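Labels A, B, C and D are assigned to the chains in the order they are written; within every chain, residues are numbered from 1.
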Amino acid sequence: MPEPRMRTIDYCLYYGGFRALNSISMDIPPNMITAIIGPSGCGKSTFLRSFNRMNELIPGVRVTGKVLLDGEDIFSLDVVSLRRKVGMVFQRPNPFPKSIFDNVAYGPRIHGLRKGDSLAALVERSLKAAALWDEVKDDLQKSALSLSGGQQQRLCIARALAVEPEVILMDEPASALDPIATLKIEELLQTLKENYTIVIVTHNMQQAARVSDFTAFLLMDESRAGNLVEFGPTKQIFTTPRDSRTEDYISGRFG
Amino acid sequence: MLLAVGAALLLPMSARSSEITVVGSTTVQPLAELLAEAYQAVNPGVIITVSGGGSSVGVTSAGNGLCDVGMASREIKESERQEFPSMAIHVIARDGIAIVTNPGVGVTNLSKSQVRDIFTGDITNWSEVGGPDQDIVVVSREEGSGTRAAFEEMVMEGVFLITGAAVLQPSNGAVVTTVASTPYSIAYISFGYMNESVAAVSVNGIAPTAANASAGRYPIVRPLCMLTPGTPQGDVKAWLDFIMSPDGQAIVSDEGYLPVQ
Amino acid sequence: MSSRSPAGRKLVQAGAFSLLWVSALLSVLVLASVVGYVMIKGIPELNLSFFTTPPRGGLSGEGGISSTIVATLYLVVMTLLVAAPLGIGAGVFLVEYAESMQNRLMKPLIRIARFGVETLAGVPSIIFGLFGYALFVTLMHFGFSLLSASLAGACLILPVVIRTTEEALKAVPQSYREGSLSLGATRWETIRRVVLPSAVPGITTGMILGVGRIISETAVFYVTLGGSYRTPTSILSSGRTMALHVFYLAMETRAFEKAMATGAVLIACIIAVNLAINAVSRRLTAGGGRW
Amino acid sequence: MTGTVSARGRMKRLTDSAMGLVLLGSALVSVTIVLLIGLFTLKEALPAFRDIGLVRLLTGTEWRPGQDLYGLFAMIAGSVLVTLGAIVLGLPLALGCAVFLAEVAPAWVRAVVKPSIELLAGIPSVVFGLFGMVVLVPMVRGIDVPGNAGFGLLSASMVLAVMILPTIASVAEVALRSVPEEYRQGSLALGATRWETLRRVTVPAARSGMLAAVVLGLGRALGETIAMIMVIGNAVMMPEAATSNPLTIFLSRARTLTGNIAVEINYATGLHAAALFATGVVLFVLIMIVNASARALLASGMRRG
């Protein structure tokens, strides 16, 4: 296995006195798709949001342990620089109420890229990479809110790509979409992994099996804290799980 | 809250016959309040409510029968007499109009033409009339005021216009308050509103006192009128009779107005 | 990609946030100083006799405010007596009946009603005064009186009452109505037994808002109520509300400290109104179903 | 048995339709009142528009009812200038306060400040007018400019600024709070700072609500009557600068459209009364113009993106 892009070491997260994630150690291999699966409430979204410190927005959250990006502790990094390197796509498409162009250009602009033509080129490149360019190239000034749900989600992906991150976190990116739009996103993921490291949370096991290279299975213990039960290559997890709980889950006995 | 609802429901639907509503001139208003209080002290069954509005309101309200008694602090115009032919006019007192300044001005005498020029805006600095080198702040009443109408007729001779830059206040009381608190200001007010917070100015060398006014020396004097929709009856007549009685007229002169009896 | 330094951007943020802090502090300071000034100057004037004696002495501004409290109460009650049934009735009609009336007569009527209520809510109060003076005081010969003033006041708060009633009713879940109707209740029974009870807190809030509006309104009553400080004896009596008393004291007399004291009482009334609204809306969120 | 049931049923249906009629009645009365206010004001103003003429009414600078001169321009200028002054003084504070409360304030600060601001929105205008008379007018009088008596546009603008501050702040705050949380998260996840998120995403997304707050404040400023009478001097004159400094125009006395109505309506008869109703119509139209331009502004803003 190559040097991991990100890794967590003994990572715990608390909401006030409640422990939501219990001592998770896990590696995110580069240029691969890592899926995080598990039943509702097991903390998979919370875990995903740990990689770009989005949990800090919630008052009363406290963490212990380490999260590393390219060997560097993300808590010692500036949060703004961290989020630039670790992008995120949310469960529900959340384009800003601006034009398509302005949505994609948003990140580059705040990070200081202002020159007109290179910005246009960057927007075009990002939209192409998100497989949206052909559908919107003639109406870049149209409101992003006029796009369909699937298009909006690909716009959000383009928006994340435009800041040229290393890692993209995706929180159930297709759960609000219809099957055709879902398929498009899944195809897109395969092309994206050539250049990016992707971590995706999904509650859909078929999807995890279809798209990911590695799979992590999270489960609540008796105190309702999320634990990493098993982590490994997706094929192995879905065919020969080592843990009986993983087997129960993927065979649909609970969840 | 329930109590209040109950109380409101207990309010009679219409004025009792022994209630007299008095509306109009803010110049006459405080005098009417006192005359009402004095009358009610001996006739507790009668209730007299006095409210302002201005002389023109007094005339139109009485003329249209909206009140029992209207108050006006000026001569009733010919046009108004024609509009309301049955309206009865009772002159209850006469009132001088005093020229007052903020106490800091220090000017004690003005000629009538100087007063006029100040109010038209032709004289704008106190130094032009022997005062400090300061801009004059003219304070006036608004259109429709009886005091203003009387002042315009007697000082502005009915043709000169009061400057548009004048601070306008909607009542005599407001004028006094404004002059008292505004440096270098000047205004005209009813004698009845004079107090120590403003400085009175002699006109053509005659001080604005009741004695000078009743002797005919002070030049700016106008009638104060009570108006009734027709010939007064009952309680209204009794109150008006009281006003014209020695007791009533004593109150008139105590308040700085000129008795007519 | 050329890059702006995160440190610089943090600095910009710190600068902007401190400006926001300053503007908020300044706002609070300005408002607190107005209210504080009136309270500090006014409260020392307050004592029992201030509340129990009527104003007297005309220009010297002596006496208390008892008759103005009475006049304010009368006016509030009379205004609500007119505005509440009309406003609530209209609100119920617009929400519960109008939607289902699609015939040619009703549809434009309902559109006009909606437009009128919206427009009226933004009309300056002095226009209600103008209207009230011309119609009730002169044309209908009610004179300067509680009657004229309360009718003008009712016009003023009618849009408030209608709108809050509508909002309260719209917040009642459709499933309540369907539940009741499916049990064979008529539309009126459904409204009376299911919809209105759940909407009571919202409607009450509207009423209290109206009360606050009447207590604080001055312009409308300046031109319709006459301003006599006698205790009103009939609905045709002239009168003076507390807010109007503040105006007359400030403008006509030099009794600013009395004006401040009356102002302090007014502020206290508004605080009470706000507390009442908060209490009602807390009940609304705590146990809306139990009404 | 069936007889009683159907009798009760008929009774119920009867009550149902009767109540429907009662409610329809109250709706009709309400609508009538609403229409009456508009139509009555227009009807009463008609003689003024007919006999004075719209142009002379709107552009005339002389208002002397005694001479049958009815020009409203000075009052229109007074209303517009005083509102402008109030916006310049009050808007930055109000919006700053709203943004602070919605996005920056720690929870406990918000818990204290927000209800107090809402409370202050309900304080009677006469109290603000009183404060203006007693505190602001003497303060403004201290500015050494010829003819400055303290009463005037500046004092009035300051009073209005304080009055509209809580209104604008609390409505704008609600608008900001109703911006979906996803927008903020989306921006933060791209590496934007909180300030960048606020400036580039949250505030633009709340634009229409914040504009509505400003329009509400403008309406309140244009419509304020009593506080204006108390501090503006009520002089019927075109506001003018006393010195070469154009800002001294704000030391000029003036009269607002609202004040014109309140001060004179009780005196007025005939054409004078009609001219005051016309003043009301002009005031109403002015407020409609503010609303409409806000809507237009919003529409053009939407198109731009």
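Methods note: a residue touches a chain if its C-beta (ideal position, glycine included) is under 8 Å from a C-beta of that chain, and two chains touch if they have at least 3 such contacts.
In this text, all values refer to a predicted model and were calculated from it rather than measured experimentally.
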Interchain contact steps from chain A to chain C (minimum; 1 if touching): 1
Innermost chain by mean C-alpha position: D
Of all other chains, the one whose Cα centre sits farthest from chain D: A
B-C or A-D, whichever has more C-beta pairs in contact: B-C
Separation of mean Cα positions, chain D and chain B [Å, integer]: 35
CA centroid of chain A to CA centroid of chain D, Å: 48
Inter-chain centre distance, chain A versus chain B - centres from mean C-alpha coordinates, in Å: 82
Contacts with two or more other chains, residues of chain D listed in rising order: 193, 196, 229, 266
Residue list for chain C, restricted to those that touch at least two other chains: 9-10, 250-251
Junction residues of chain A, two or more chains touched: 80-81, 110-111
Interchain contacts (touch definition) - all pairs: A-C, A-D, B-C, B-D, C-D
In the complex with chain D, residue positions of chain A that touch it: 52, 54, 57, 59, 80-84, 87-88, 90, 92, 94-99, 102, 106-107, 109-111, 141, 143, 156, 159-160, 163
Residue ranges of chain C in contact with chain A within the complex: 1-4, 6-7, 9-10
Residue numbers on chain D that touch chain C, as the complex places them: 12-13, 15-16, 19-20, 22-27, 29-31, 33-38, 40-41, 44, 92-97, 99-101, 104-105, 113, 115-120, 122-131, 133-135, 162, 165-166, 169, 193-196, 198-199, 219, 222-226, 229-230, 258, 261-262, 265-266, 273, 276-277, 280, 283-284, 287, 291
Touching residues on chain B, where the partner in the complex is chain D: 53-57, 60, 135, 137, 142-145, 152, 161, 164-170, 178, 181-183, 185
Contact footprint of chain A on chain D as seen in their complex: 107, 180, 182-183, 185-193, 196, 200-201, 204-205, 302, 305
